[in-house]
Amino acid sequence: MDMIVTLLMIFLLVTAFFMVFTKQTANAVIAFPIFGSILVVLFVIFQAPSVAMAEAVITAGLATGFFVITFNKTKDSRKE
Amino acid sequence: MITPGLFYLIGALLLLLPIREKMTYILAILMTTAALMMTFYLVPGDRVQLEFLNYTLTPVKVDRISKLTGLIFTFGGLGSVIYCFRICSRANLRLIFIFIGSALTVAFSGDLFTLYVFWELMTISSSFLIIMASDGTKKTGYYYFLIQVAGGLSALWGVFLQYAATGDLALKTIEAGIPFFMIAVAIKLAFVGFHTWLPLAYGKAPFYVAVVLSIYTTKVGVYVMSRLLPGIDILAYAGLFSALFGIGMALLQTQVRRFLSYSIIIQVGYMIIGISMGTVAGITGAMFHLVNHILYKTVLFMAVGVVVYTTGKDDFENLGIMGRKLPVTSIATLVAFLGIAGVPFFNGYMSKAIIKDAVNEPLLTWGLNLMSFGTCLLFLKFIYYAFLKKSTISLDKQPALSMQVGMGLLTVMMLVIGIHPVWLESVTNMDVAIHYFDKKHLVSGIQPFLWSIAIFILIKKYVVKNYEAPLPYDLYRQIAKQVVTTGYQLSNYHDGKLTKYLLWTTSTLIILLALLLF
Amino acid sequence: MQAAIWLIILPLLTAFFIGISKVFYSYKLLFPLVTGSAILYLYLLISVIDHSYPPKVYSVGDWGLLGINIMVDPFSGLLLLMIALLFLPVIVFSLKYITFHTHNYFILTYIMTAGIAGMVLTADLFNLYVFLEVSSLSSCALVALKKTNKAIEGTFKYLVMSTLGSFFILLATILTYDLTGTLNMAEISVAFQDIPFQIKSILMAFFIFGYAIKIGLIPLHAWLPDSYEESPIPYNVLSSGLVMKSAVYALIRVLYILFGFDFLDETGMLQIGVVWGVVTFLIAHLLAFQQSNVIRLLAYSSIAQIAYITIGLFVGTERGLIGGNFHILNHAIMKGTLFFVIAIFHYSLTAVDIKDLKGLGFRFPLLSFTFVVASLAIVGLPPFNGFISKWLIVEAALDAGFIYAAFSILVGTFLSLTYYLKVIVTLYTKTDKTIEMKEPGLALKLPTIFLGSLCIVFGIAPSLPLSLIDKIPTFLLDHEEYISILLGG
Amino acid sequence: MVKKLYKLGLVVSLGMFLFVLFSDIHNLDRTSKNYLSEHYISEGVQETGAINLVTSVLYDYRAFDTLGEATVLLTAATILAFLVPVTKADMLGTTFTIIVYQATKYLIPFIAVLGVYVIMFGHLSPGGGFVGGVVMALIPILLSLTYGIDFSEYKLTPNTKKVVEDIGAIGFILLGLLAVLTGNNFLANGQAGFPLGNAGELISAGLIPYLNVMIGIKVGAGLAIIFNSLMKEQ
Amino acid sequence: MELPFVVVTILFCLGIYTIITQKNLIKIVLGFTIVESSLILIFVLVSYQPGGTAPILDKAYHLVVDPIPQALALTSIVIGGSVTAVMLALVIKIQKRYRTLNVDKLRKLKG
């Protein structure tokens, strides 16, 4: 049981650091749902199903949608 | 038993009503005379207690000195209101009424809280009088308001220290926070280091404002000094130095109202010396000098006001009109000149004699003589320009009757005090055990006058020459510039960068955590 | 004591009904709905303030200590009094003043008021965080109402800073729950007795940091002038009058009830708070002098006045609390009048810079007189209410031994006079250009004159509000009294 | 470069403080103080009738928080509604193959069923008002993504969404006020005599399912407004 | 039980670091979501007791996880979600008006 938790935690950290320190924001926006879904899995392991569902739907689901829309709408100032 | 100041304040409120022009004159005169009668019937010793903010305040406390000041304030108020209520606009009249009302309430206040509140109210109304006058006086009004509030705040700090030390707010000689009260009084008295606002304010403000202000601003400072800081010896020497400084500066002035404001500083020097003797005689002498000074200084300001009103400018050359065209004003100016010069049988002599009598150190007596010699010299210059020098200034318009009536009132009172000084003592039953007209006083009164006439004839061309006034190096403007530049640098840090703001926030968080943990 | 819960529900219901009326009847229904609920709200506020003296507890959902409790005590009574004084004038004012997005403006104002009422009444830590979030998000929305470039930028900065603050408050709330197992303030402070010193001081630091951002003490104040500059001015009245004050209220509630006065003394937080306040208002006054835009000037002056309040409240003696609370009330009234007058000038001739105000003194004599009265009051000159509360704060600071704080408050009074006088002088300089202006209607003038007259009334007769304020320290300084009522309730 | 190091230093020291705090809390000897959660666990089902304790806390013990939180969502929806100009602007504007259009057409009823299930069974299984509402919001979002905003706007006009959202919020408060009518405090469920039914069945736990439905409607409409206005943002 | 709290601290500090240092607006909002997720992770860690079961009492249980922080976590997720939505809408508006995503170019409000 602990093995999975440590693995997921490390994976979580790796995704977070990748999201923050990549050059293009495209990679960051793509890495965001991965970050969200790892969190969902973690919450399920920690016996919090309703929090996991809410997290899955709102943060991993809708927030990613918002990020994608923002990223799409701010095309023409992405080079600098 | 209400303070006469209340009459003036109610008068100010009544003036808010939209009544016709005629009614305002009647109302003004009614209010002022009622206040005069009220002070006349005040019995020393009665007081009014009031609960406010869990302190017991005594807004009204009458004793001999405050009755004397109250009398002269109301009498001066009557004269000045009659002098200027036809000239000034209704808003200014309201402000004048608030100003005089709060000055009177300060005179009769029994505790430090009311004293401070109405001291600030005086500052507010007087500075708005200056600000609202015209576009030219905006900067002076701004400068005047700031310096006066600075004085008020140091008085407030003194009040706090006094309350912390003694636990009650009653008005008695101060134990704690003496330096702060000194600064406050010095600013109000236009002491030598803090005098920059006096010539500026009286020079630029319209003439009727200068008349009203000259009666009350510095005199309230003298009254408060006599109440709170009597008997501090070194102040006597400081007063002497400030008077001599006043003489020097007055000589250099070209504008008559600045000349008169510097002469106020000289006369205030007399009162400071009187008060800081600490003896009863000294204080009564100073108070009497206050009364006389109000009388002749206001008459001089009124005379200059008439000159400005009739010829539009108040340079020394314009004074020439007084001799030929304005009979009433010239008589009043002559009486006032003889009063200020301390010539016997005129009102100045009486109070100067008391002060000379009260002073015991040799240096101070020598100083007093020098001061009266200086004032006589200065005012000889004034009289020379007014009467002896021929001038070709024409008369634009006749002075209003009300101006002359106000001046006449005060001149009559001067003559009465000059001829019969004992009458003044009996009114406020403050008996001073000196008989005025014995040989010693007569000689000490007349001697500086004669000397000044002789010297004046000798060095006429130095005194009469028009020096251009030296560029006043103003310490306060330098300090203000420093403060503004620091403010400017600070505001440059806010250049809108969000990352900079967030950096500030996180550093405060870390500092806060560190402070709390270690 | 049903009225207490209605104070929070009524504004929410009105906001939602306005939302619906926007779609169907659009303009016909707005006016009666808004004014009707504002008057009803005023009536409710008065009835709750009346019996706020023996503090009452109202548990939401009849759950006693298991659920959320609402408590009305003199301190929240004071805040409710301020809501009562400011809310109706603002509504009456903005009915005439707001011409763009009127429906959204009223929806958001009502939600913000509900948030503030919720923060003031609740006795539950997480509920305090939720209502804090409600009021700051809706005030962010109100800042962005004009959708100009500056408004958008101001909103973004405001939202970033206030969310950062909220994160730290949320972090502290979670850890308090983890330590004590409950969220009811009374039980938490009982359980806090045996928590080690180090943990409690870190939690206190997070709480103080979170609320300090919302209050705007110096290094954390940068968002405040930006968010005031382009927002609708009646909102500024509510924001500087209520939003900042509810943050101060929440900070004092958390510090004095949860951590208790002696813990504050022990960690030396009182000294830090006073020093922080002194630094804040000195710098804020210096910055305010530099401003050319009147609204930014008033924003910086708000920061300085809130610093006076923090000094009053952090001095820790009973008189200090009374002075601080009285200054909370006074500042809301004075700043409200100033913003109303500027709003009228802005409404008539879009004048916002100081030099645009030239010559208005003669065109609007009564309004400029109110402006002068309010600015002299806020500077702290005697005949007005600002002086009384400053007197109490300085005296309390002196008694408690903070000599430097008391002296610097007087220096601050002098500095604040410099820039307020600058505005007054420009107001009364004559200018030749004719000012074309729309004469402001009664709906605009009445609230201004009402608040202006309050400045004078509270100055001359301070015993009116002080009778309510004197009862506050008993429930703050020794929090046992507050806890016994909350637990007993 | 110095600035970056300074910022790093700040964050690292913040991390140190947090770590000290967490380790202190961790090895603080935990005398089992949280009687509140013991009470919820032991009597929760009897008092509120809901199996899912999180929903019972959310919709009964601390229903006031949910009201506050629903207002936050409504404020966010209002902000986004008025930030968006009136002009229409379709986002992707890409035309998909026929498979996508047909798939969405057939998918929508299943999403609707899932959403209703999650809302209605809120007090029995994990999920509830919020999660079900978001699932319901997926339908208009899916439509505007595939068929474009004008079609989804045509189907569900912004005004109806606004009205539905407000009705949801008002419904929540009115349900709370039901208890006040019977003389109890606001949002009282068990105490106000609402039939709790026996736990585990669909129609049980008094007010909670209806509160769930109201929140579901509100969150669904709110997030639909948010998503569409973000797409129309210009 | 030490690792999760360490991870939470790292995530929290990483989020704060991104908010402070990043120039790109979207990255800043990303930082906010990271901080918010770490807070929710703390909620769940506080509620978790080793060996406890989920707070759905449909079957026999001997130790149940603490339901209150989970309820609060749910509320915080929704609040965090709506605040992120508002921030992103503002980011789009800023990009349209200022033609840039760089935070340092937002300099209209000064002094």
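All chains are identified by letter, namely A, B, C, D and E, in their written order; residue positions are counted from 1 within each chain.
We take it that contacts are C-beta pairs under 8 Å (C-beta built on N, C-alpha and C of every residue); 3 or more make two chains touch, one makes a residue touch a chain.
Worth saying up front: this structure is predicted, and the values here are computed from it rather than measured.
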Minimum number of chain-to-chain contact steps, chain A to chain B: 2
Set of chains whose contacts include both chain C and chain B: D, E
Core chain by centroid distance, with centroids computed from Cα atoms only: C
Of D-E and C-D, pair with higher C-beta contact tally: C-D
Centre distance in Å when chain C and chain E are each reduced to the mean of their C-alpha atoms: 28
Between chain A and chain E, centroid-to-centroid distance (C-alpha), Å: 11
Between chain B and chain D, centroid-to-centroid distance (C-alpha), Å: 73
Intercentroid distance (Cα basis), chain E paired with chain B, Å: 68
Chain C residues counted as touching two or more neighbouring chains: 126, 130, 133, 137, 140-141, 144, 147, 156-157, 160, 164, 175, 178, 183, 198, 202, 225-226, 290-291
Junction residues of chain E - those touching two or more other chains: 10, 12, 16-17, 19-21, 36, 43, 54-56, 68, 70, 72, 74-75, 78-79, 82-83, 85-86, 88, 90-93, 96, 106, 108-109, 111
Per-residue multi-chain contacts in chain A, two or more chains: 49-51, 54, 58, 62, 66, 69-70, 73
Chain pairs that touch, as defined at the top of this document: A-D, A-E, B-C, B-D, B-E, C-D, C-E, D-E
Sites on chain E touched by chain D in the complex: 1-2, 5-6, 8-10, 12-13, 16-17, 20-21, 54-58, 64, 66-68, 70-72, 74-75, 78-79, 82-83, 85-86, 88-90, 92-93, 96
Residue numbers on chain E that touch chain A, as the complex places them: 3-4, 7, 10-11, 14, 17-18, 22, 24, 26-27, 29-31, 33-34, 36-37, 40-41, 43-45, 47-48, 52-56, 65, 70, 73-74, 77-78, 80-81, 84-85, 88, 91-92, 95-96, 99-102
For the chain B and chain D complex, residues of the former touching the latter: 503, 506-507, 509-510, 513, 517
Parts of chain B lying in touch with chain E, wherever the complex brings them together: 491, 494-499, 502-503, 506
Chain C - residues contacting chain D, complex: 2, 5, 9, 12-13, 15-17, 19-20, 22-23, 58-63, 66-68, 101, 104, 107-108, 111, 114-115, 118, 126-127, 130-131, 133-134, 137-138, 140-141, 144-145, 147, 175, 178-183, 191, 195-196, 198-199, 202-203
